[in-house]
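Shared between the two complexes below is subunit A, which has subunit B as its partner in the first and subunit C in the second.
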Partner chain A sequence: MAGPSIRIKPAGEPSKSTNISGEDSSHRLVAFLQSQSQNTLTRLYQKPSSCLSIFRLLRPLERQLVMNLLWLEMPVPASTMAAWVTREGKRPYHDALATLARLHILPQSPVKHALNPTFKSSMRQAITGGGSSGSFGVLSENDDKHPPPDIEALDAYALERWETILYYMVSSGTGQFPARPSQGVLYLLQRSRLMANVHGNTLQITSAGFQFLLHPPHEQLWELLLQYLQMAEERQMDLVEVLSFLLMLSTTELGKDYSMENLSATQKAMLEDLRDYGLIKQRTATSRRFSPTRLATTLTSSSPPLPTSTGTGNGSQAQGFIVLETNYRLYAYTDNPLQIAVLNLFVTLKSRFPNLVVGQITRESVKKALTNGITADQVISYLITHAHPQMRKNKPLLPVTVQDQIRLWELEKNRVKSQEGYLYTAFASQADYEYVLNYAKQLDVVLWENASRRCFFGSVEGHANIRGFIERRSAAGNA
Partner chain B sequence: MDKPSHLSVILDLSPTQWALCAQSANPTGITLQTFLSQLLAFLNAHIACKDENTLAVFGAFPGQSGMLYSSTGEITSARTESTDANTYRPFRTLDSTLMTLIAERLESYDSTTEEAPIGLVGCLTKALCYINRAITTSSSSVTEIEGAVASVDPRILVLSVSPDQSSTYIPIMNSIFSAQKLKVTIDVCKIFGAENVFLQQAAHLTGGAYVQVERTDALLQYMMMSFLPPPAIRQLISVPTQDRVDFRAACFCHKRIVEIGFVCSVCLSIFCQPVPVCSTCRTKFPIKTLQRLRDARPLAAAAPPTKPLAPKNGTATPARPG
Partner chain C sequence: MKAIRGVLLTCDSAVKQILLTMNEKQSFIIEDLDDFHVVIKADEEYRVRRELEAELEKNTYSLE
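Moving on to the complex of A and B:
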């Protein structure tokens, strides 16, 4: 499958990313599910499609443990199970057990382990097929008048929707007024604190929003969807219905029309929102059928959720478009306004050609990004993810000088440390000054001193003591 | 992140052996039908693990071999599948394609004529070629972006019911060496019949698992636990390997499996008896040595020949075929 390789973890140390010993963090959705009640989860596990999708989001060792237990009728003694893992696997194994227990897939028990019966029967059904749950989506009848949309049209649609959202975010506050996404999307962006109401009714991107822009699309998508899930409860939508619909979408097939007949009222209401995000496409708003886009079908996989970015469309952008030289010069082979706008966050753009943008990474441009809340690592991982194929021949991929400099600029920002305290001045005599200063030094609260001006700066914690000391002394002097 | 993995499954579909297996009482046999339904569950589980996991199924039939399914869609069943909302669609396509093709192939065999030897080697080489192509295309295209480590994690699973054919020793060894070079793990599951020397060596040399199924009613559990974990996970989850490997080789002259053989000092060809001229590289051996070897032969234990092929033990590397 062609397309940009989307990394879930930020790039950087390749040794880390190849680590399979369960040290990768769990998927965001898994973390969200762990916070749900057992009741909710058990209802969710009634659908085979939900089980299959959740299973795919688990870490490799967790998946294997589930598979080992899936076909057993009897509970397995904990000691037998512990013998399955090698010595190096001990810690990941216990982590995996803990995660599965929190998901209520494998209830915690000191003696014997058996899968949650609901999960077990649904998962078996998912793998062997059959049953009558219809949870994998009902295809709509073939209709000669309205053939299902072709994959290219779906991709273009998804991309257009998604980029509208991102482009709206990135260009907010710059004086440009690009196409506005729908009201629902705007509300979601505001709720997720990616954008905030600054003055009056203009939405402005927040520092979380800037960070969001540099994330890979897959992560962005889940970030919004999780926010959507949290919102669902407030909107009196049943969380289980919402979740199982999303998970069902992830098992559907690209380029097929699905029928709305089996959907509940909540799920029908969701269609409108998902249409705004670009997850599904409907011919008209009142259509009885919908087709999932690539954004939806790749929810539980790590293959790229978005097709080749628009623009020249010759596929070169799928492989990245950024060339970065050791002299901090950056060439981006793109004419996509979104990509240019994102680059503009941390690059001073110099000139623009029909298919090429040339810019320079400067101290000012990086500092601007840093003040927006973007970290140096995020900049670097964005550059790595979108590096041009030509760059991939280099080892290391990005010039070390540039990487280091970006990190140094970040450190520079952290150069000044602020600490609250009090300045003591106007001592009557040098002896007075030294006497108080000595006392303060004994308390270890002096942050700065200047003998010639007879003043010193003490931290907040020491203030009460020093003040008491001075007062006692002046009282004694007066007496 | 965990990598996608590729699994090539080789099915041994010899009608005679399956008939024997179904009738066998000790150990309890298993019919082809039951086996296939358990296999499908296993294959579905492999695809279920990760969306990017790929699968190819090859069938070894008497005297021929062929691809039965590939997730890249090279083989499609003529029958268009009906819509079914209860099954994940990739599973459904896999199941129907595989079952239709196997049924078609097996029906075409004439039960009266004698069965040709099983085309296992053909399958093995086809699977290796398939994997090689998958690796090279993925490394030249975009999936390579994360460097060489991102390529698929390939392995082959051989489900065998037929006994060893000593005539296939050389091609099997060649396949093993290519597998080693491609870093392909070969797993072997022996469902019926005696231990298979060559396949045992294949599993051992490529770091795969060799499982002799003792209880066919638990076949699915065997497969899930031993063959589902991709090689990367096997560092964490132990997978059965054999502690005793039969390292016997087959001689090049009569294709017999030998315990003590004579190895050409030039090309390492194996012979079951001393020969004056190596049949592979045409090297002539001195008459004197020949005489000495002939004398030593019956008393192999007391006075071992100058170049015995060390059998049985793990120290010996198998002879390289000429």
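Moving on to the complex of A and C:
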């Protein structure tokens, strides 16, 4: 029986990248769409803007397949299409076909391939223009009295909204009382289990919330929006309208005013929520127009959703601000309270200067993060994503010693694993033992076994079944 | 045949030796299975984990 073994990933290898163009994993929204019914999706595909946005979220191979089929009037025989594929490409090709089939973009067929007709005509319209459906949003008439807000003001607004939410999360339970986001946002945070109610009515961040804080902004945004989509059905909102509005927003242009004229009632109701998240800006709550912010216009693109952080505005934060040395010292060139608060989750901060924070990664600080539910991989990937440009000359990017040590600290915490269950011993005979053990193995509940001592340990879930099995057997034996 | 309710601890052998020493002071082990597994009383798990943590903590050196 093998003992617990220690396995450490090679430090040089960057941990699983989670950016939008990640080759190995689909976008979160694509995964969500796959779970929707054909009816919902077909209705969604009636909007050219939805088709284009979803197309942008697909993986490169899937995009290529769609483009190849888009302008064909006749279906392509499956054998012809398979002939394009090299032997190594077989698996990715079939994966791509399966994803497109689940999205109902390319219905599965063993004989021939043709795009879903609704998707095809909308996608063609999106590319060639034409039609007056207003699916990409309707610009509002120029109004000399209220010119559209400039891009800087929009960025500042989006950033302020978004950081208020994150800062509220990170400083909950620390005794500080930062600005509260609106009730709707608080409800959303609670529903997504990023924060939970503890004693009475104070919201406190959960371990899922801590992990959330270390994700890149694009992922954070989608995590909240997917939760919003799930809530939409409970609130009797039409999922297709909610989705198509979000996807429409992602195709709008930054710094332009859009008219509310042809929005449905559901979509008008959404404006208020999206304003709270910082996705759109309205001059006043009753204004008849709205301007999308960068958070909204980058929803389905790979450009960064947030402009450079507030404060110094020297632009370095966009690429990264953390310098980590082999002696575990960490220098963070930032004066942004949110970034400092996030670092404080796993770094012992020592001194603070106008544009610089100095700290040290210690066993205690990492242990604190681990007990909060943050994993070593998340800490490391946060450090990698936010590494200072100077650090990018290093290969590997982070000092190997520090990476390994963080992982070792995590292993240290998991030295003991416990599983509840029952120890079955004192079997009358070897045959008896093997008979019961076989049954338990079929149920897949055996955690430990030893034939020479004639005993095994089964998990708590299997106990009722095993007891029933033995009782039935002894009853049959006595009869 | 009998079934005993408990918690299966999977650990390395060093931790197991500490558990055995702790067991001498106040008994909580139901069955010592092998070098890496012991079964302990379910309601003692929290106390055992806490004491083990304190014991392991003595073996680490901190700069602070």
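Methods note: the second predicted complex is superposed on the first by the 395 of 479 C-alpha atoms of A that agree within 3 Å, B and C clash if a C-alpha of one lies under 4 Å from a C-alpha of the other, contacts with A are read in each partner's own complex, and residues count from 1 in each chain.
Note that contacts are C-beta pairs under 8 Å (C-beta built on N, C-alpha and C of every residue); 3 or more make two chains touch, one makes a residue touch a chain.
Small disclaimer: the values here were computed from a predicted structure and weren't measured.
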Touched partner set for A:Asn450, first subunit B, second subunit C, both or neither: second
Touched partner set for A:Ala126, first subunit B, second subunit C, both or neither: first
Subunit B versus subunit C as contact partner of A:Glu420, first or second or both or neither: second
Partner chain in contact with A:Ala428 - subunit B first, subunit C second, else both or neither: second
Subunit B versus subunit C as contact partner of A:Glu364, first or second or both or neither: second
Subunit B versus subunit C as contact partner of A:Phe55, first or second or both or neither: first
When both partners are placed on the shared chain, which of subunit B and subunit C touches more of subunit A: B
Contacts of A:Ser135 with subunit B and subunit C, given as first, second, both or neither: first
First, second, both or neither for A:Gln64, with subunit B first and subunit C second: first
Subunit B and subunit C footprints on subunit A, overlapping residues: 1, 3-4
Complex contact set, residues of subunit C against subunit A: 1-13, 15, 30-31, 33-37, 39, 42, 45, 49, 52, 56, 60, 62-64
Subunit B-facing residues of subunit A, complex: 1-5, 7-9, 14, 17-18, 20-22, 24, 48-49, 52, 55-56, 59-61, 63-64, 67-68, 70-72, 83-86, 88-89, 92-93, 125-139, 251, 253, 262, 298, 300-303, 318-320, 389, 392
Interfacial residue positions of subunit A with respect to subunit C in the complex: 1, 3-4, 348, 362-364, 412, 415-428, 432, 436, 447-448, 450, 453, 455, 457, 463, 466-467, 470
Complex interface listing, subunit B residues touching subunit A: 1-2, 40-41, 44-45, 48-52, 83-89, 91-92, 95, 141-147, 149-150, 220-221, 224-225, 228-230, 232-233, 235-238
